[in-house]
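Each of the next two complexes has subunit A plus one other chain: subunit B in the first, subunit C in the second.
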Partner chain A sequence: MKEFLIKRTLQMIPVLLGLSILIFGLSRIMPGDSIRLKLGPEATAEQIEAFEDSMGLNDPIVIQYVNYIKGVFTGDMGLSLQTDRNVATDIVETFPATFELMLVAMFLAILIGVPLGVISGVKKDKWQDHLTRVVSLSGIALPKFWIAIILQIIFAYWFSLLPVVGRGNIVPTEITGLRLLDSLLTLNFEAFINNLKHIILPSIALSIATMAQIMRLTRSNMLDELHKDYIVASTSYGLPKFMIVYKYMLKNAFASTLTIIGLSFGALLGNAFLVEAVFGWPGMAQYGVQAVIYKDYNAIVGVTLVIGIVFAVTNLIVDILYGFIDPRIKYDK
Partner chain B sequence: MSAETVTNEVAKGSNSRFDYKRAWYKLKKSKLSLVGLFIVVGVIFMAIFAPWIVPYPADATGATIAFDKMNQPPSLEHFFGTDEIGRDIFSRVVYGARISLMLGILVLAIAIGIGVPLGLIAGIWGGKIGALIMRITDIFLAIPSLVLALAVAAILEPTLINIMIAISFGWWPWFTRLVYGEVLSLKDEQFVLASEGLGASKWRIAFIEVLPNCTSTIIVKATLDMGFVILTGASLGFLGLGAQPPTPEWGTMIAEGRVYLPEMWWQATFPGFAILVTVLGFNLLGDGLRDVFDVRLDGE
Partner chain C sequence: MMSKVLLSIEDLKVHFTSYEGTAKIINGVNIHLNEGEVISIVGESGCGKSVTVRSILGLVPTPPAKYVGGEILFENRNILKFTKDEMQKMRGQDISMIFQDPMTALNPVFTIGEQLMDVYMWKGKKRNILSRVNKKLKQEAYSRAIEVLEKMRIPDPTAIMKRYPVELSGGMRQRIVIAMALMHTPKLLIADEPGTALDVSVQDQILIELKRLVKEEGISMIFITHNLGVARIISDRVYVMYAGEVVEEGDAKTIFEESYHPYTNGLLASIPKLDGSMGDGIDGRIPNFLNPPVGCRFYDRCTERKSVCKDTRPDLINLLNKRKVACHLYSEGRN
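Right, the complex of A and B next:
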């Protein structure tokens, strides 16, 4: 197990290094108008030159890259052109909002996706199955930014049940940066309710595609299990169907569902860019969108790298969990 | 019979005698696949014949201004209502099919054009070249395609062509990985070994023997991806990085209409339905084709 962990962690390094070279290289071929944009129309050529020098933009690209990577290890990801702060500071500040949104969305996706998948699998070719399949296929095809807008129209504008934008106006004492957790830890229920109301619509919009994927996979895994000997045996012993389905079948079917949960984290991260933009959610993804629009190249590199790291770590965690859920899987070299 | 024709006979195997009647029968059996086929044909029809279908072709592509009929809710005259300068939204949505289909086809053409040869080379040559190609593929797949496309879009001017380039940039590795997997499973098949024994070059094995046996997998993957590429293109358009107004691109239209919420809900709603239905159509058809060709894609 330990060996496996070390090996997997080491495997992550070349990929992340490659990613950093790719994105860094891309950001440096970016046309120089971002500096001009930043300094305003009155800036003289000398001022622009001086600013570029101070940012190290006139050094050879290899030197720039080495300096950048050195910086990353000391928590310096360069200056953000939009906020005039260190990109690392911006990311540390915005990441918890995105992470919280993703966690809630993932929770919803599993909570609803798995049972629907089970029902669809057990009731194969009955109306429940057809309905859930059509719903899940549509869920995958839904444009996330669009469903976000539709949710806003219905629940925020028409029925005024939930807030239209933002992350909540009662801020609990910060411990983890995840506000729902923080407000529970500090027993600040007012803040909890307030933040919960704000997170409902964005997390639903974000979770739908993942929910649909989880549902589809759970269904096909359940179908694979349905005719195995142990199910036939437990049925003939007269065990209640509910117990067979949820205690035995689901446990075995869930192992492969776990893989899709790992992969979905990537999709959630990508879709967060759209959902955060619609709901004005002050997270890292929205920071990334702004960075792209303002050609804030250090921020683009920073956000992309963090996403690469999160994605890699999630997949590592999934691999480890896999072994716990399904002991048949051995971590061979 | 010459040696070459023998290998060709073996190579073609089941593929050359592909039973279209049986395929159609299998596709027909699944109602959902037929719905998908129907939608896809419908969207293609709309795209080709847009100028003859829509009631107000001038509204669709330009910035025609008609103050006397601005902001009208859906009616018999304007099925999807009109926008803030009086353009017919139905006409614009129908024209949008042209943009989305073009985007999907071009992105996939680039992705297949780059990804498939690389996958073949990595699989057939193997060794250091193969390892190198596959490691590079891993790097491109280390972040979600949408995020990579965003990063590339940042360096380019926001136009439709550039958005296609940005999406293709992150899309080819999926085809490399897919084809690489196929090649590995085909590499030890008799027909490959036979042509190797007869002294065929690696190029010949890759492109003439192995490639035809990957086509069904590529077709299924491309059909399923068509929906997702369209979705990604609309997402970038929505963020303002793709086609610019007055181009009737669905994502861009939603972004424009969003400003007029909640009163003029129809502006942002109908282009979204168009995306949903189109993507759903390609997914249903792709699912159906997968059963017909009996392929399993990566990650299933």
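Right, the complex of A and C next:
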């Protein structure tokens, strides 16, 4: 287990290096003249040249890359053209918001998607099944921003139950940057409620597609389980139906669902920027999209690297969990 | 000597519906079993052995199956009329089943111990999300599991309890599958071709142990097999099934020495001989269940058929000496 962890962590290094080279190269050959855009129409050619020099943009690309990597290890991820700050500072500020949104969304997706999938699998072709399938199909088919806006209209404008935009105005003492967690750690329940109210709608909007996917997968995995020998056997031993479904079938079914959960965590990041835009959520996804639009070199590279790390780490965690659930998976490979 | 009848399947008829039509699979099967007795059911693949015995435990999914006639009486109560609760109470406690393939009959993601103990603690009970078991029951379950594993001659049971199925050999798993069925010492044990997936020597060993165990514990057993030799060794009486019907029934010792039904004769002739030559198989295949012959279901393949066989179904009649045969070549009480 320990060896497996070390090995997998080491394996992440070449992946991240490759990713960084690729995205670094791409960011430099992207069309568009962001320096001119930044310095304004009055800037002279000398001013632009000077600014480019200061950012090292005129060095050979290999040198630029080496300097960049050196910088990363000292916490310097280069200057952001949008904010005029170290990209690292921007990321530290925006990443927790996005990460918190993703975590809550994933939590909801599993919490609701798995039981719905179980019910619709066990009640195949009954009304429960038809209902959940319609809901999940809509969840996959409907555009995320549309769902987000509908949620806003219903819960924020019509019923005024929840705030329309923003991340909450009572900020707990910062420990992890994840506000729900921080407010619990500091026993600041006022902040917890406040932030919870703000995160509900965006996280629901973000989770729906993933929830629908988890539900469909759980359903089909449960259907597969239904006719497995060991399930018929458990029935023949006189075990309670509830136990057969939620213990003996679900653990097997969930093992295969888990892989998808790792992959959809990456997809959540992709969907996050739409949701962040609609709900004015001050997250990294929005920052990243702005970076692409303005050709903010360092921000593009920085955000992509963070996404890469999140993706790699989630899949590592999923692999570890998989091993706990299914003993047939051995770590020695 | 009159022994008490434990189970009797009377004129059981089971149909399966699919988009192609109705397959009339089980067509009036009669099987009975006395207390303490071991019977075998033999017959070629697809003749309905599994459907018949799985019906006893209510394990055949309805639909596609439909019980169109007959009864299954266990201690004089009709199982086919049981409520879900009655069925769950009976399963594992009164009647339990050993599954054929040890590779698939154990849940791969739970330890052997957990699976055995759950059967002890939860059988016949209700469970919801809040249910807990107390320590005492858990300890009881643990010692019972160890006890049953020991009965199955499994070395080092405490270590085995912590293992997952994937870590064990096929023979070991088959023993554990049997242990699962024996957790509550049922009155009736159904063994649907146990161990056929294993190699012959392991299989023999397990069968010997199984036979010893059921005799020791006074368990009655229905044993399904393709192997006539095994049927002869393990059982007191034998039922021969063909295409969803019982065609011959008799004493294990005599039925293989002198069989009457042309199908049984064919089965016996198809056993490889001691001199190494292959036996003669029976030509043809099991008839189509969607549109079975109206008369004798063996008609198409029978070498001794008569004109009456085509349109009239032969009843299962008593010959002498506890033998029963369903064939127009014979008449009641003769031979």
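The working rule: the second predicted complex is superposed on the first by the 330 of 333 C-alpha atoms of A that agree within 3 Å, B and C clash if a C-alpha of one lies under 4 Å from a C-alpha of the other, contacts with A are read in each partner's own complex, and residues count from 1 in each chain.
As a convention for this text, contacts are C-beta pairs under 8 Å (C-beta built on N, C-alpha and C of every residue); 3 or more make two chains touch, one makes a residue touch a chain.
Just so it is clear, the model here is predicted, and its values are computed rather than measured.
J.: Following the superposition defined at the top, how do subunit B and subunit C come out on subunit A, clash or fit?
T.: They fit side by side.
J.: In the overlay, answer first, second, both or neither for which of subunit B and subunit C A:183 touches.
T.: The answer is neither, since A:183 touches no partner chain.
J.: Looking only at subunit A, is it subunit B or subunit C that touches more of its residues?
T.: B
J.: Taking the C-alpha centre of subunit A as the vertex, compute the angle to the C-alpha centres of subunit B and subunit C, in steps of 10 degrees.
T.: Result: 80 degrees at the vertex subunit A.
J.: Between subunit B and subunit C, whom does A:194 touch in the aligned arrangement: first, second, both, or neither?
T.: Neither subunit B nor subunit C is touched by A:194.
J.: Have a look at where A:229 lands relative to subunit B and subunit C in the superposition and call it first, second, both or neither.
T.: In the superposed model, A:229 contacts subunit C only, not subunit B.
J.: Per the contact definition in the header, classify A:286: touching subunit B only (first), subunit C only (second), both, or neither.
T.: A:286: touches no partner chain.
J.: Which holds for A:207: it touches subunit B only (first), subunit C only (second), both, or neither?
T.: A:207 sits against neither subunit B nor subunit C.
J.: Contact-wise, after the overlay, does A:64 reach subunit B, subunit C, both or neither (first, second, both, neither)?
T.: neither
J.: After superposing the two complexes on chain A, what is the shortest C-alpha distance between subunit B and subunit C, in Å?
T.: 11
J.: Within the complex, which stretch of subunit A touches subunit B?
T.: So the residues of subunit A touching subunit B come out as 14-16, 18-19, 22-23, 26-27, 29-31, 133-134, 137-138, 140-147, 149-150, 152-153, 157-158, 259, 263, 266-267, 269-271, 273-274, 277-278, 288-289, 291-293, 295, 297, 300, 304, 307-308, 311-312.
J.: Considering the complex alone, what residue numbers of subunit B touch subunit A?
T.: Where subunit B meets subunit A, its residues are 32, 135-136, 138-140, 142-148, 150-155, 227, 231, 234-235, 238-241, 251, 254, 258, 261-262, 265, 268-269, 271-272, 275-276, 279-280, 283-284, 287, 299.
J.: Under the definition above, what is the set of subunit C residues touching subunit A in their complex?
T.: By the definition above, subunit C touches subunit A via 57, 59, 88-93, 96-97, 99, 101, 104-110, 118-119, 122-129, 164, 166-167, 177, 180-181, 183.
J.: Can you list the residues on subunit A that touch subunit C in the complex?
T.: 228-243, 246-248, 251-252, 255, 325-328
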